[in-house]
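This report concerns only the one structure given below.
Letters A, B, C and D mark the chains in the order given here, with residues in each chain numbered from 1 onward.
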Amino acid sequence: AGGDAASESSGPKALDELVVGFAQVGAESGWRTANTKDIQASFEDAGIELKFSDAQQKQENQIKAIRSYIQQGVDYIAFSPVVETGWDAVLNEAKAAGIPVVLTDRAVDSKDTSLYVSFLGSDFIEEGKKAGQWVLDEYADATEPVNIVQLEGTTGAAPAIDRAEGFADVISENENLQVIASQTGDFTRAGGKQVMEAMLKANPDIDLVYAHNDDMGLGAIEAIEAAGLVPGQDIKIVTVDAVHDGMQALADGKINFIVECSPLLGKQLVDIITTLNEGGTVEPRIITEETTFTQEQAIEALPDRQY
Amino acid sequence: MLFVLFVVNLIAFPGFFSITIKDGHLFGSLIDILRNGAPTLIIAVGMTLVIATRGIDLSVGAVAAISGAVACAIILGSPNPGSPATVAVAVLVAIGISLVLGVWNGFLVAVLGIQPIIATLILMTAGRGVAMLITEGQILTVNSPPFKMLGSGFWLGLPVAVIIAAVLFAAAALLTRRTALGMLIESVGINPEASRQAGVRARGLLFGVYTFCAFCAAIAGVILTANTAAADANNTGLFIELDAILAVVIGGTSLAGGRYSLAGTLVGALVIQTLVTTVYTVGIPPIATMVFKAAVVTIVCILQSPRTNQALGSFRRSLAVRAGKGAAAS
Amino acid sequence: MTATLEPTSVAPGGPDRQDGKPAVAARLRSALRVLISPKYGPVLITLALFVLLFIVGGVRYTNFFSAQVLLNLFVDNAYLIVLAVGMTFVILTGGIDLSVGAVVALSGMIAASLLQAGWGPEVVIPLILVLTSVLGLLVGLMIHVFDVQPFIATLAAMFLARGLCYVISQSSISITDPTFVQLAVTRIPLGGGASITPSVIIAVVVVAIAVWVLHRTRFGRTVYALGGSEQSGMLMGLPVARTKVLVYVVSGFCSGLAGVLFTFYTLSGYPLTAIGTELDAIAAVVIGGTLLTGGYGFVLGSVLGVLVLGLIQTIISFEGTLSSWWTKIFIGALLLVFIILQRVLTTRRR
Amino acid sequence: MTDTAPVVEMRGISIEFPGVKALDGVDFRMFAGEVHSLMGENGAGKSTLIKALTGVYGIDGGTIVLGSEEVSFSGPAQAQAAGISTVYQEVNLLPNLSVAENIMLGREPRRFGSIDWRATRRRAAELLAGLNLEIDPTSLLGDHSLAVQQLVAIARAMDINARVLILDEPTSSLDADEVAELFRVIRSLKEQGVAILFVSHFLDQVYEIADRLTVLRNGRLVGEYRTEEILRIDLVQKMIGKELASLDDLEKRSRAVVEGDEDARAARFLDAEGIGRKGKVQPVDLPIAEGEVVGLAGLLGSGRTEVARLIGGIDRPDSGSIELRGDGVKLRTPRQAIAHRIAYSSENRRDEGIVGDLSVRDNIVLALQADRGWFRPIPKKRQEELAQSYIQALNIRPADPNALVRNLSGGNQQKVLLARWLAIAPRLLILDEPTRGIDIGAKAEIQKLVVNLAENGMSVLFISAELEEVLRLSHRVAVMRDRRMVADLVNDGLGVEELMALIAEGSGDEDNPGEAASASPTPPAGPAPADPEGALR
């Protein structure tokens, strides 16, 4: 791939001479911020200069950022695409300039895989599946219908779409499991709360809530409690992410199950860069190892949770 | 209009109007609408006065985020988050800071004479940054019952947020209509030069309205954060400026400034919130939500337009004529 | 905030009554007026400040002071320039158009989905331009016939366009159509390694046409008239209604075109793109010295406004070390400094 | 009556506004090649009738025939296309565009579809020259005084080669010379067979130019007369529907004041020394005594308004000092002036005076309220009293304190503005063209009011394009020319000619070429003390 070519030509550099440009999506959620922090910290430790730019959730800004990295002549470019599509043009420019590109957190859909060296991140569909699997097992011996409501992420956002898809796939195996309502809570607590309030009014007997991230789940908890019900018992809650507050709620038994989606990509990213720098090759697709948490696991994991 | 939406709900979901008593407080969709609508309403009240002076304030969302962040940060920092005193201090500081921001806006507009939309756009952008700076991009979760009260608590069976909104609304109405404030604000909005020559102190008024608007934003920010007991610098009050402005305009106040109606704003805010809640209760699929909103807003406006009213009012030939006069008179 | 205009200190006609040759005096004065008038003042100041800002950047960052960096302002903002042009028409009449961002996204989605369905660009692009113009027409009619305030009418259009995006597809669709790809990657060299994209040329053409229309056609002048006083315009027998509706058609068309340029830029349609872009466009126009109350302003000013915003972005990315929040604060700060300088200088000159 | 068929014939025109029946079955006709004058009090329905004809308002009843075919225009554009060119009452132009554009907009000469600016400017310059107004066509309209703007509006109307020309109070802020110019033009158009509708509250002008009169009262037709067949006194009676007694009375009293006794003017109230503003007015000295009425005379653009604005605190003087009762004060803002009970009533009531969307009541109490501060609201009851008393005193119609001012007729708006300033009980009242567009009856009322107030110690600075008015009311007359004060003389039986001479003196070749000056018909010999019509000008 283009990456190797570039690194061979330039040969191994001293780490402190390396300059890496990182184009972040933005800081739209706690998860994202944790992700940014971790990456910055990791490069700090590795003694590699990291140029950071925040695209404020706008693809055009990210493209601009990448362009300016190319102008500034950085050695490597890493970025978390705001959206999968539409990167060919700018990635071609990077390739032309002989700058290897690493994708983090989200993939791009371009046919030409030579445009980037490696993708490092999570598989949202897989996350959805994990969540679905737990639900499937939980209600394996359910006889009467189980009413599920889904709190979707921002409409149109990749994680929202994939997590819904994966989940739907799995639960379809048991026709008792029905998603009776599904609304977007925009990945926020306030959103999750407001939507849940409304759903509780409209649908008297909800058995389970599947939220696309912890924050919406936490919002839902508020709503459920306000309705005089007990989250985790009257209504079970499954979420994705495993940020600190979520884990806390899980430990307290307000959430029943969390699928991890780790923001801690820094370490691995640094590894990739250094490997490339030494002229090595890396896997084109590296999925971060992610687990799932039940209450017990949460309780022991909680103490040493950095984010 | 509100009525139309209510009917929609009633059909789609009979339980809509049912208000029951759960653990000693009112409970039901209408209560939700009021509670969730409170922050928008509060901001819209401030926005109404700003708009009456031919201005506009885009920074309210950011200010709300800042005040929320400040309040939570202080509560987190304090030894005993649970004590009402701490909360009081936190809220007061938050409001204090927002007042400063309001004065800042007022300064840009009244003293430097920068166009309001740009003047406040600056704070809209930078303000969020500041809020995130305070929270360091994290969501600050506070565990403080008295604070939570402000957002989702109840008092005498009524949501505290609603009570606050009601008080603020009443206060604003009295302040502007019982004193000459309203009239002076309007005159500045209608004809600035004439007002100046009549000795109206436009500068002071501008400072006043922008500061008051920031004050409203601060309170709304506190309620929003207290609602989930967490300060989310990114999302607190995101796009709320649009809702607020929309509420004002639906309420019949012209963005060109001049005559304003707080009552109208109240209706506007309720319409918007009802709309949102309707989407959730009726279960309109997220992908269709926007289209639905578009339809509703369009219908509202067309229903409100004088021409439609005449058409509905009577079928006299001379009606088109009247419209002509209206236009000419303006 | 108010559009009140102070008389130029030179009493018009005053002096030329003393000196015998009013013609000369007149020419002299109008030349002078160009510099001091509240009309041209802001634009010129803006230009000067833009150059200043660019120099500052050049001094501060390595590799900044290159033709390409300057050209990239156009490359990256071609679509925004087109948007700002349309927005200028609307704002000059004292209106506002909040729908542009959503319309950009919508035309992107339409393009992507239709191309995916195998339609040819030669059909798709015109179709988009027609559709968006029609949307503009509807908005215009809503504003004129039912005298709905532009703010709401266009907000409704914004909701509609955004909604239709989701209806077309929730997820993003990439564009593989050879023509589009070509247009996306083509680089027109200007020598010295510097190059631009076809989009830039389109944008420049649009600007040129807009300038001509606004200053050399009756429609254009009527646009200014509306901003001055709709009432007077009506009594002067100007085609107020037609013009008022047309500006929204223009804005719709520009949004559509901008959308197409944006797809050249991103080669994809994505329901969530261009959120808040309407604010950028409005900001650009206002920074360019156009009064939101209408009547005063220039397309070229708006172009400058876009470049200023772009420059701020570039500086940010060259700065490179800013955390997310400092980025926001920095943008705000730069904007502030710029606006205040602009304001202070223009009032001085007046 | 002429044998030829009328160009315009309106029959049974009725227009009703919410609450007001503005026109009630009015018949009206105009013939080619005649000047027809529409007469009536403020609020009689003149402007409304005009707007009905040009399609600004649709009519609720009646028919309009233009030439031979019946028409109903949907707007001024159509009316223009049909050959009706109109100058509406308030100046309706675009301050943000150049003078040239304001004249040519919509009719600019074009080359290959694009406007030919040079030609446009040339044409505009010609039209301005036609009115003998020498201003730079490229200058912004907004920079010019109201008078100039009014002339520009007329120039615009001239350009359309129309068969009907409508002028609604075109002379309200012009003075003798400009009026003369205008009349010259009107006459030549009349020669060419254009039918001209001329609205004015100045009887002299009407009698000078009009062939035929139509009188309206309260939206009803009173009658149509040939000018030479009706006496002024009868005409006035038909317009206001009451006897002239009250006017006679004023006549005597104002005379009395002009002969006024010295001690009334003993104590200086205001003493302006060398106040001026670069590019606007050269420094002037202007002392005003208590109870003194000082007239400010001058040609259009001579700087009267500027001086007034400096004293009223609207503009800041960049030289000179002002003393009130001997101690120096700074009048930087209107607020400060008002705090000293100095009130300036602008000549431009629409842009600088009334607040259109507020009620008559609010407009009347505005200045008073602003001065008290917002936290000390004037009690509703008091407001009501104030409003009512002034509505009575100035006979504002409709007599409804809640009516929106923008719906009032021009003259009534002017009265409301006046009421606002009287309401603050000023010690010095600066009136810039206070009787602009005000009908005879009301004008007399206002003059009477001024006289009364002066007798009770209020000082007045009085600006009017109408020299007779100035002379009748003022004890002293200061004369402005080319932004300089050229004379300041006690008015003991000063005559109009003398004053005219002072004003025009030496300025003939600067302000307006000789022929214009000579053409300027100084209105018929100044008022003989007994002449009741003196008050009517």
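Here is the rule we go by: a residue touches a chain if its C-beta (ideal position, glycine included) is under 8 Å from a C-beta of that chain, and two chains touch if they have at least 3 such contacts.
The model shown is predicted, which means the values in this text are computed figures rather than measured ones.
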item: Chain pair showing more contacts of the two, B-C and A-B; value: B-C
item: Distance from the mean Cα position of chain D to that of chain A, given in whole angstrom; value: 73
item: Chain B and chain C, separation of their C-alpha mean positions in angstrom; value: 29
item: Distance between the centres, which are taken as Cα means, of chain B and chain A, whole angstrom; value: 33
item: Chain centre separation in whole Å, for chain C relative to chain A (CA means); value: 36
item: Set of chain D residues in contact with two or more other chains; value: 56, 75
item: Shared interface positions of chain C, touching two or more other chains; value: 166, 170, 231, 234, 323-325, 327-328
item: Shared interface positions of chain B, touching two or more other chains; value: 132, 136-137, 193, 286-287, 289, 328, 330
item: Each pair of chains that touches, named by its two labels; value: A-B, A-C, B-C, B-D, C-D
item: In the complex with chain D, residue positions of chain C that touch it; value: 3, 5, 7-14, 16-18, 22, 25-26, 29-30, 33, 37, 39, 212, 215-218, 221-222, 224-225, 227-229, 231-239, 295-296
item: Chain B residues within the chain D interface of the complex; value: 178-181, 183-184, 186-187, 190-191, 193-201, 205, 258-259, 318, 320-322, 324-325, 328-330
item: Complex contacts: residues of chain A adjacent to chain C; value: 21, 24, 26-27, 33, 36, 51-54, 56-61, 63-65, 67-69, 71-73, 83-89, 92, 109-111, 154-158, 161
item: Chain B contact footprint on chain D (complex, rising order); value: 17, 51, 56-60, 74-75, 312, 314, 333-335, 337-339, 344, 346, 351-358, 362, 366-367, 369-372, 374-378, 406-407, 420
item: Chain C residues touching chain B - in the complex, by the definition given at the top; value: 1-2, 4, 94, 142, 145-149, 151-153, 155-160, 162-164, 166-167, 170, 231, 234, 279, 282-283, 286-287, 291-293, 323-333, 335-336, 339-340, 343-344, 347
